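Written out below as structure tokens is the structure these notes cover.
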Amino acid sequence: MKHEITRQGDVTVIALGGDVDLETSPKARELLLAAVKDSRRVLVDLSGVSYIDSSGVATLVEALQTARKQRGELALAAVSESARRVFELARLDKVFTIHATVAEGLG
Amino acid sequence: MKHEITRQGDVTVIALGGDVDLETSPKARELLLAAVKDSRRVLVDLSGVSYIDSSGVATLVEALQTARKQRGELALAAVSESARRVFELARLDKVFTIHATVAEGLG
Amino acid sequence: MTTDNEPERLALLRFPARADRLKLVRGLVTAAVRMCECDEALERDVVLAVDEACQNVVRHAYPAGVEGDAELEILRDGIVLVFRLRDFGPKVDASCLRPGKLKPNALNGRGLHFIHDIMDEVGCLTPSDGTGNLLEMRKRLNPCGTPRNET
Amino acid sequence: MTTDNEPERLALLRFPARADRLKLVRGLVTAAVRMCECDEALERDVVLAVDEACQNVVRHAYPAGVEGDAELEILRDGIVLVFRLRDFGPKVDASCLRPGKLKPNALNGRGLHFIHDIMDEVGCLTPSDGTGNLLEMRKRLNPCGTPRNET
């Protein structure tokens, strides 16, 4: 799994890439939870995700719930094609605000 | 393995693609030997080859020898990056005329 | 569509049930599905379902601190791919392997859903030597080309 | 660079020694090499060498008409990947596994060259139960990142 964290105005953008699986999702969890603690607005860029499984999905849900508890926001953007299907299976579109692009998510 | 055979002027161009391995090289052999029997000039386009092994290499050498026996020509063109390394290991540059592009091979 | 014959074995993979081995499983399963020339979406689905089943072995088959193996057999039965995943841990009641109601907000419980949504059949078999658990998953593929070796 | 410890097993693949199974081997080996985060050229080399060794089992280990299995064990010894390939056919003299002179024009004899050119060490071991042949190939990888789990 690769990641890149940037700050755009008041939004922390976390770009995840590669495989977000049982091995790497603890690292994704750490990054996401730190980000929602530090920042009221977090946008997760998923354009580089080549694989995500139920543990990756659970990590995103946990980060969302943590953000909400702190009255923050976490949204997703640019969901890659392979992640899209997993989101569909998990009915995540009912849970997350999902932006087509990072630019849209920042707007 | 995929293949496509086209006739360009007096040259038969055989484009091989995908894996040319122990399983598929008998098919490649069949195509190449038929082509060198039918046509005095054969150009093998290797741009689409994602994998080639010693059996694929042997097939190309056999086709070349068959062409020469019949006073024909067989040349290679557009060797893909993964095939290039195998050609290097097999010292095939000493055996074949290798063109950078199909256009060059037709010229 | 299954045949009466015992399906043909494509490969058998044995691996330590650890999270860092799952990418090896995915590499093998991807190649096995590709062998059957189905479309990419189906390929991704099957890889996900098998990975989720292996994850369950990694996370649940052995008590914390105990290392154990998983064994994945991949078979082909006409145009049906069959996956048999076994562990060598304590026997689990088959009812544990049925998914509950999918809760989009939950922090777990998705794995079995993915498996059941994707696969055509999921069932528990008895391992030949009686120990551990054996999960069978079957998926009918729709090859673009003609199915090979359908004997 | 090897360590004194017995190397750690990544996975063990058993498969019918048939040409159409080689792509499964390549899928698994590709994933195993990627686990060690080396560059792509090295990855391709290692996959080729292991495939060539498996080809030899497919073509030479069993008499024509006899079916048999191959078994590939992949281990990691620090930053050295170790491949142990075994067959269950008649015992072969180790000298058969040394490459002759490379003839660019020849129709065969390249496989062993590729294996020896690519791998750092190639040797014959004795299978634990004494039957068949066991080829060990070792390749030191140069991971871009830090090697993981180097215990």
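By written order: A, B, C and D. Residues from 1 in each chain.
The rule we apply is simple: a residue touches a chain if its C-beta (ideal position, glycine included) is under 8 Å from a C-beta of that chain, and two chains touch if they have at least 3 such contacts.
In this text, all values refer to a predicted model and were calculated from it rather than measured experimentally.
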| Farthest chain (mean CA position) relative to chain C | B
| Cα-centroid distance, chain B relative to chain C, in whole angstrom | 40
| query | Between chain A and chain B, what's the gap in Å when you average each chain's C-alpha atoms? | reply | 47
| note | Chain-centre distance (mean CA atoms) for chain B and chain D, in whole Å, is 27
| In chain D, what residues contact two or more other chains? | 20, 23, 26
| query | Residues of chain A touching 2+ other chains? | reply | none
| message | Per the touch rule above, enumerate the chain pairs that touch, sorted by label. | response | A-C, B-D, C-D
| Complex contact set, residues of chain C against chain A | 19-20, 22-23, 26, 41, 44-45, 48, 51-52, 55, 58-59, 102, 104-108, 110-111, 113-114, 117-118
| chain D touches which residues of chain C in the complex? | 9-16, 20-21, 23-24, 26-28, 30-32, 34-35, 74, 148-149
| field | For the chain B and chain D complex, residues of the former touching the latter | value | 19, 21-23, 51, 53-55, 57-58, 61-62, 65, 82, 85-86, 89-92, 94-95
